[in-house]
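What follows is a pair of complexes built around chain A, which joins chain B in one and chain C in the other.
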Partner chain A sequence: MTIDIPFIWVAFKEIIKALPTTLILTIVPLIAGFLIGIAVALVRVYKVKYLYQIANGYVSFFRGTPIIMHIMVIYFGFPLLLDQISLKFGLGIQTNKIPIILFILIALTLAAGSYLSEIIRSGIISVANGQMEAAYSVGMTKFQAMIRIILPQALAQSIPNFTNIFVGFLHTSSIAFLVSQKEITGAANIIAGVNLKFLEAFIAAGIIYWGLTILVEGLSFLLEKKVTAYNRGGVS
Partner chain B sequence: MIYLQGIQKSFKKQPVLKGINLKIEKGEVLTILGPSGSGKTTLLRCLNFLEKPDAGMVQIGNIIVDSENATKKEMLAIRKQSAMVFQHYNLFAHKSVVENVMEGLIVAKKVKKKDARQQSERVLEKVGLSDKLNHFPSQLSGGQQQRVGIARALALNPEVILFDEPTSALDPELVGDVLAVIKSIAQEGITMVVVTHEMSFAREVSNRVLFMDEGVIVEEGTPLEIFHAAKEERTRRFLQRISGETFFTPLKEQVN
Partner chain C sequence: MGKAFDIMLIFEFIPTLIHYLGVTLQILAASIILGLILGIAAAIPRLFRIPLLNQLVILYVSFIRGTPILIQLFLVFYGLPAILMLLFSIDITRMEAIYFVIITYALSNGAGFAEIFRAAIRAVDHGQTEAGYSVGMTGRQNFFRIVLPQAVRIAFPNMANSVIGSLKDTSLAFTIGVMDMMGRGDTLISATAHALEVYISLAIIYYTIVLLFEKLFRMLEKYHNRYQKADVTAVA
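Entry: the complex of A and B
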């Protein structure tokens, strides 16, 4: 077997068309998961009555099971559930009309929420206790202190961890091809199968993933430098 | 005016304050002395409910709170009567010097941003930091940070400013600057409660000195009374040890 170098470029041009899908599958779950993550982290840090146990269970389950399983369960289970509800109340929802990507987005969002909540929680705990006391001492409520003093510092410190999760989820989005969503890995698989050139197609896909990752790391580095400037001391 | 009655506080069943009664007049500068573990910092923190007393009544200005049934709203109201200067400064790390001072004005006092900035700049001038307005706390020396802390408290124009060992974390050569600032504020007639180990400060600046040990007020009086004619044996022993230490430290250093 020989390697067909020019075909890598051919495959590259074809696969890159699936880039938007991969980006949607990465960015949407992370943004939605971020909001879930903040809420869950606050509930767990402050041990909010009743919600606390639910939040614990949520994080434990979604971090304790593979993401591929979430996608499968939601992809196969969710339509079933919707059909039952639809039948009972006569809503007339046709589950086969729901785009597949929606199921994947829900599954990835729930997973992202659980991972991000732990990152945010560790960020919150790492902010020195004195910051909260100082906020109280100038007459802030707990909520004001959280929003204005604690969270900005917690999130700024968490940027390297967020980058880690972003890169992880960029690669995890490739699972979507298992339920026939055509993202980068899916596209590579198709062009590989059609031309029977697997090595070349997956090298091309790898280059795209790697390029994206380098880009994200660069952006994160710049952002971190800007946002945590307050922490570095020295004279500006 | 501040009024404390029957303040009790325990940590894990270990009593730290055993029923403190105290009255502080407006404009008074009160220094609290005592060995570590005597409860002096806890007493200070009970004043603004950073520690919630187990029992007793706290009054600052016209806000009265019964600590046993204190609601969040009451605790917030009484906190707004005071401001605190911390041992480790506790400046908001992600905010610049002027923003640190503005923060309480904007959020808690609802002052407009522009006015808050003006007021803050004025107070920062008073503590000699007009040239550092846009620096971050991490870019300042300890002494400068503590002066920002003092400005932050002062800007709120509270009934009382609580100082929790404001110079204990500073390099010896920076202590003087900070004490000078506190001294100048004291002369403006602001009520202050100062927990400190700086005997010279207690002697020169305060109107009244309070000696605490094992959760009770052992003795109180004017600086003259406490430093030169303490009635209680415990007070005398403490003062002797403190002055003894400062006397012997240079000698010890020579030996080493």
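Entry: the complex of A and C
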């Protein structure tokens, strides 16, 4: 059993073709999840009646179960549900025509919403109390104070967390290959199976993920440096 | 085969699946303990900027953070036997899959913990270090008496999160053929063709375990925060 180095490059060229799918599986859920996240975070911070319990339950459940479960339950459950509905109302939806990627996107969006809401919430809470008081003292309303004073600080402080979530979901999209979606890991698995060179194919996939992650982290690092230039801390 | 979706099956599946909870917790415990050791060892060169080791740790952490756990799992599973064969001509291809899983998750947790420790120490306000020096403490005294106790408080929630994250990640161990809850679930699906019920049962089990862990960690967190003033947030 030796490592076929040239094959890594062959696999790399083949696998990189699946990059757009991975990016779609990462970015779409995060954008949709961010909107869910802000709404859920505000509901939880202000303890809006009735909605508060639902929001808590949603965040707790989706953060408390592996994402592979969300994908699997929606992948198997959604067509079943749609079939029932379409049978009842005679809609004639054919669930086997729905592309698999849609189910994965729904599952990942729901998961992203719960993770992002928790980050936004903790960001809001971490802004010092004096900031809110200062905003009130210059005559701002609660809404103005939230939009102009608290949220910008909360989001700036949360940049490292957002990066983590971005990278986390980039990596989570690899689970999609378990429901036979051909993204980076899926493509690697196919080329590995065809050529019986598993190690080389996954090295190539690993390099692609690593490169993407370094890129994302580099961008976020620059952004963070700019936004939190006034902070100092620790032993250094 | 009966109905498309049979809720009673969930109650039937849960006791069957819970038998395999031990395997999941075994993987978790072993990888956390090994990960802690690895994390401390990796954080020291980073904090004190030990040349060469520092760069090595950066590379290690970057790689682990830069690739999905699924890819790491495959790389260890296919790569470790190849490397050991090549360098020491030791044959471990017949080793049980669970050891590969533990090695992967220990490596993954180690990198995560190293970053958490480092970030927590850097998160302690610089004024604390200055205050420590101003009362005549040495660097070592300042670190162990002032910075570290505060860093533990800061690191704890992140550690708790990564333990829970790791628990959820164990749900991917079945991809290399470990017979944990997911693996058993897979065989149940082939036996009964009720995939949705199996995944719902698994979600319930994972959720329950995560809730228990969260409760425990919250108690510990409260203990760590016992000297913190209650009124530190912008919005009550």
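Convention: the second predicted complex is superposed on the first by the 228 of 236 C-alpha atoms of A that agree within 3 Å, B and C clash if a C-alpha of one lies under 4 Å from a C-alpha of the other, contacts with A are read in each partner's own complex, and residues count from 1 in each chain.
Here is the rule we use: contacts are C-beta pairs under 8 Å (C-beta built on N, C-alpha and C of every residue); 3 or more make two chains touch, one makes a residue touch a chain.
What you see is a predicted model, and the numbers here were worked out from it, not measured in a lab.
Within the superposed three-chain model, A:131 lies in touch with chain B and with chain C [touch as defined at top]. Legend: residue contacts after superposition of the two complexes on their common chain; A:156 is shown touching chain B, with no touch to chain C.
Partner contacting the larger number of chain A residues, of chain B and chain C: C. When the two complexes are overlaid on their common chain A, residue A:4 makes contact with neither chain B nor chain C.
When the shared chain is aligned, chain C comes close enough to touch A:203, but chain B does not.
When both complexes are overlaid on chain A, the residue A:139 reaches chain B alone and has no touch with chain C. Of the two partner chains, chain C is the only one touched by A:67; chain B is not.
Looking at chain A, you'll find residues 128, 131, 232-236 touch chain B in one structure and chain C in the other. Those residues of chain B that touch chain A in the shared complex are 48, 50, 72, 76, 79-80, 82-84, 86, 88, 90-95, 103-104, 107-109, 135-139, 152-153, 156.
Within the complex, the chain A residues that touch chain C are 1-3, 45-46, 60-61, 63-69, 72-73, 76-77, 80, 83, 124-129, 131-132, 150, 167, 170-172, 174-175, 177-178, 185, 188, 198-199, 202-203, 205-206, 209-214, 217, 232-236.
Residues of chain A touching chain B in their complex: 128, 130-131, 133-141, 144, 148-149, 152-153, 156, 229-236.
By the touch criterion stated above, chain C contacts chain A in their complex at residues 4-5, 47, 62-63, 65-72, 74-75, 78-79, 81-82, 85-86, 121-126, 129, 142-143, 147, 164, 168-169, 171-172, 175, 182, 195-196, 199-200, 202-203, 206-207, 210-211, 214, 231-235.
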